[in-house]
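One structure, pasted below without further comment.
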Amino acid sequence: MTTGVVVAVVLFALAALALVARRDLVFKLVALGMINGSTVLLLVSLPRSVGRPPIAAGPLAERLADPLPQAFVLATIVINFAVLALALVFVMLLVERYHTTDARRIEQLVHEEEESCSSS
Amino acid sequence: MRRRQAALTLAGAAAAIGFCVVALLTIDLPGDAALPREALTAVRDKTGVSNLVAALLLDVRLYDTLFELFVFSMAVLGVRSFLKDSAGPAVREPLAESHVVRHAAYVLFPAVALLAAYLAVFGHVAPGGGFGGGAVAATGFLLVCVALGVEVLASRIRDGVLEWIEGLSMLGVLAFAVLPGAAWGELLSNPLGGGRPGGLASGGAIPALNLLIACKVFAGAWAVTYHFVRHRGEV
Amino acid sequence: MLLVLIPIVHLLGALLCLIGDRAARAVARVSWAVSAGLVVAVSVAVTRAGELTVRVGGWPTRMGVELACDQVSLAFLALLTILHGSVLAYEWGTRRRRSFYVLVSVLVGAAAAFTLSRDLFNMYVLLELLTLASYLLVGHARRPEQLWASLKYLVLASFGMGLFLMGAAVIYAHLGTMNLPAIGEGLRAAGDAPWVRLAAALLVTGIGVKSGIFVLSLWLPAAHAVAPSSISALLSGVVVKMGVLGLLRFAEILPVHDALLVLGVLTGLLGIGFALFERDLKRMLAYSTLSQIGYALVAFSVGTRAGALAGDAYLAAHGLFKATLFLAAGTAIRATGETAVDRIAAARQKIPRAAGVALAVGTLGIVGLPPLAGFWAKELILTAGGGALVSTMVVVLGVGTAAPFARIIPLLRLGRAGGVRVGERVALAALSLGVVAFGGSVVWWRGGYGPALGQLALEAARAVAVAATGALAYALLKRSRVRLRCVRFFLEEATLIVLVVFFVVFALVGAD
Amino acid sequence: MSAVVVLAALPVICAYALFQRRRWVAVLGMGMASFLLAVVYVLQGAPDVAVAEAAIGAALVTFIYVLAIRRTGRLVVIAAEVPGLLHRRGREVDGVEFEILQGFATKLGLDLTVRFATFDDAMEALRGGSADILAGGFVPQTGEPALVTRGFLDTRFYVVGAGEPCEAPRFRDELRALLRRVEAGDVPVTIDLARLLALMRRGVEAANVAATDAVGHYAFGVCRRRPDLHARLERHLEEIEATGALERIVERYLA
């Protein structure tokens, strides 16, 4: 087991804790980014994917890093960017409306609005 | 409310520690797994691309990459349609007015642009590739944006143009992915591949795909940041 | 060849939709027609050959992507094509912007690709694409509650996807491939190693967030209920099913049957509980989607091919009647201007006849009255060979499914004629026809109905009894004036629940 | 080996970034972590991934986050602490006035800072320009040395203690001082509703309290040199009153 794997698992757990314990949406999104980062780290730190860069014109090097996880991870990084950008847009629009980034307060405000809509 | 928050934090901490313990105790990774060297060599020789990651990304798993590009497109589409006509006022003043920043940006921009071009063009023989190249190019533009203010750039590059660049390069990617295969072989394969691994003119459609992806990622990332800058964000 | 083309047609359509608003409508219809043609061709090929397999680009399966179409995939593809067509028809004549058609095309393309996919990482990419497309569609109209529902959905879904990708990484570390059949072989060789449990728990929990398993999918009712009705139909009919389909694929290779049974029972019961007390029509339908997912999971937990096919058939049937219900509900809501069931009932003379009939067909279908889709699908689960627990659950869930729908009995009038667009009428009629004709296709598929006619009558009588019990239960409950507090789900608790479910699944894996 | 050192730093950075209070620190911490990850990838033989992570994860993502959370300045509120209206709760501040001002600050893209002080010190700070807005159960009277906004919440006055009140209303004292006065019981004092509720929660008996006919309202004070800010705050108050948001805020804290 490489250090990278341990660190990846720890990062994942830390970020998951932040998702549960932090109510601020910005922190939640940062935590999501770290969750994504930790999965990337895990894939690249698997024992088979640590080695020499998989770029070779001649015969393949003896201790070559597995290129397949790297291809996966490239896709993952782009996907994560997409997800985070979109989430951030929605947070910005919500803040414009509710003037707060507190997830619980937004939940309450949305609920109150629905109540007042249905009672009127 | 506070008690509930404390309970949540405690439970979350317990779950996080539990997760660490469970995962690290059971993951049990094999010390050394053998790579399928013959298969990798076959991939390298068939595509003619010395960067195996590029070969896998743009040929062997091109099918995945197509969808991944669409994920990126979705994000750009979303950012554009949600921030385009929302209430946020456009920023008039430049983000930074410092002379140092401005001159630094002018000096850095050509270097960054050159780096981006290198990454995209040589993506099949050296580390980098379309995704990295496009993102680096977008970062370079951000530098200029910081120096000049976004409105100056926006007056030169219209958002509609970016949209077209993005759509057309995506169409190009689809065409390069599907058409050669449809004409000379299997769908989503790279029949023009081959050549001497490590040469610039190797790899069939892969260099073209790299360039197109760089265009697309650049246009998309730039559009995203542009809309973020225009919509004076306040979270 | 054909298999690769189906998603590509949708993706190309999505790109061409970007040209302009009017072009988008035309392109969306054309790409639907082309893909429908392809699906017909594929289904002919599959019935002839049993299963179609494609290695994309001709690469070996260890590295490349493999696509396969068997009967399960085919059922989903057919459902997808029908629902996509109905949604396009339903929106015929409305002034949707091009981004709507782009998103729908991408959503359907990703779903089609997912039904065919046999690759773990490919599944991950497609799930993310599905998430983003539905995320944008839910928040499409930008009302704050839609934005919030969407955001909750996105945060939870990408947390789930993080778990999923970790599971995939664990599997790749040991087996060196992402190809599902190859993974299956490798896992058989690995037996009951601890990392198998870890990978199974990560994968099941991760995909569970997306698949409407109740405790994991607290986001679902909020998201589905605030989306435009045609989108609700797609989300409930197809997108949730993709997660369940992923679970089915895992159930084929991982030892997770007990976990699925537990999750299925929980999902079913909780979904019913919440549906019973929900007043908002669309949200009630969304909760009932959860209880129906419970049926499919219970069927999957049987662990046989018949069980998988039965669950699959149930999902297809559910896709048909739930889409009917959502579209009809959308029309009814538009006509009356109300969203709560009792208020719609108060203004029921305004409900157009087409919607009234479709609502009736959908309701009778979902409670499982004999000639309609629900009855046949439940029959398939009962005859799939599960134990007494499975049969009991089917009956209990049947009663529970019927009970919330007793609430909309007041809506079931013929209503006034007219008041709907032509496209709407076509969509509702096509889906209702699907609900009615489903039984025929089941009989055709199995090459005739097995049991004798007398037994069939017995089964029909039981189905009627179950539905009646459900209605009675609702009446009793209404008398007793039990009030459940409106459920609000907070993001923090939901995230915690996902983590807890991870441990539960971890404990349950491999127990069989 | 060097990869191990960098990796060891990662959990520390992430833990600090996620569990401290400032948003921009969290965002920069994420960018930093991303950059370190890119270094790790280079060391572990994944240069392609490193380029993508550095360009996308470290540069682009951080940049859009910074754009989203950046503020153009800071809004300093100085206030006396009055439970319900503006009070501390642990390390956070809460209350009706806080929520109104938070919304206002967010609308202007400003960071809100609340400082607590006695009323006289607060007024002094406002006059000196070291604070922008005065809050904390401020019931304006004629001739205030500050710009006064419209009232956003009505209040009544109460007399605590027996006898005729002979002094000016004491609703500018600190709560503790008020409580001491009332407990001493020598002179009856006139106070407003919010302070009365706070006192009653601290053990002042209802028997000693008599309502008066006088009414007033809570408002904000704005620094004299900031007429623009005053106008915008007025508009903001008008707006939240019109949309009913104000009513909901008040209900949440004072119902």
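Side notes on the structure shown:
Think of it as A, B, C and D in the order they're written, each chain with its own count starting at 1.
Please note the rule applied: contacts are C-beta pairs under 8 Å (C-beta built on N, C-alpha and C of every residue); 3 or more make two chains touch, one makes a residue touch a chain.
Worth saying up front: this structure is predicted, and the values here are computed from it rather than measured.
The interface with the greater number of C-beta contacts, when A-B is set against B-D, is A-B. The chain occupying the central position, as judged from C-alpha centroids, is A. Separation between the centroids of chain A and chain B, computed from CA atoms only, is 16 Å. The centroid of the Cα atoms in chain B and the matching centroid in chain D are 41 Å apart. Chain A and chain D have Cα centroids separated by 31 Å. A straight line joining the Cα centres of chain A and chain C is 26 Å long. Annotation for chain A: residues 10, 12, 14, 16-17, 19-21, 23, 25-26, 29, 46-48, 53-55, 64, 66, 68, 70, 74-75, 77-79, 81-83, 85-86, 88, 90-93, 95 touch two or more other chains. Contacts with at least two other chains are made by residues 63, 121, 125, 128, 132, 135-136, 139, 142, 166, 173, 176, 492, 495-496, 499 of chain C. Listed for chain B are residues 8, 11-12, 15-16, 19, 23, 27, 29-30, 33, 51, 53, 56, 60-61, 64, 68, 71, 74-75, 78, 82, 86, 127, 129, 131, 221, 224, 228, 233-235, each touching two or more other chains. If the chains shown are joined wherever they touch, the resulting network has some other arrangement, not a path, ring, star or complete graph. For chain A in complex with chain B, the touching residues are 1-2, 5-6, 9-10, 12-14, 16-17, 19-21, 23, 25-26, 46-48, 53-57, 59-60, 64, 66-68, 70-71, 74-75, 77-79, 81-83, 85-86, 88-93, 95-96, 101. Considering their complex, residues 3-4, 7-8, 10-11, 14-15, 17-19, 23, 26-27, 29-30, 33-34, 37, 40-41, 44-49, 52-53, 56-57, 60-61, 64-65, 68-69, 102-103, 106-107, 244, 248, 252 of chain D touch chain A. Here chain C touches chain B in the complex through residues 1, 4-5, 7-8, 11-12, 14-15, 18, 56-60, 62-65, 99, 102-103, 106, 109-110, 113, 119, 121-122, 125-126, 128-129, 132-133, 135-136, 139, 142, 166, 170, 173-174, 176, 193-195, 197-198, 492-493, 495-496, 499-500, 502-503, 506, going by the rule given at the top. For chain D in complex with chain B, the residues that touch the partner chain are 23, 46-52, 55-56, 59-60, 63-64, 67-71, 89-90, 106-107, 109. Against chain D, the residues of chain B that register as touching in their complex are 2, 51, 53-54, 119, 127-129, 131-132, 135-136, 138-139, 142, 221, 224-225, 228-229, 232-235.
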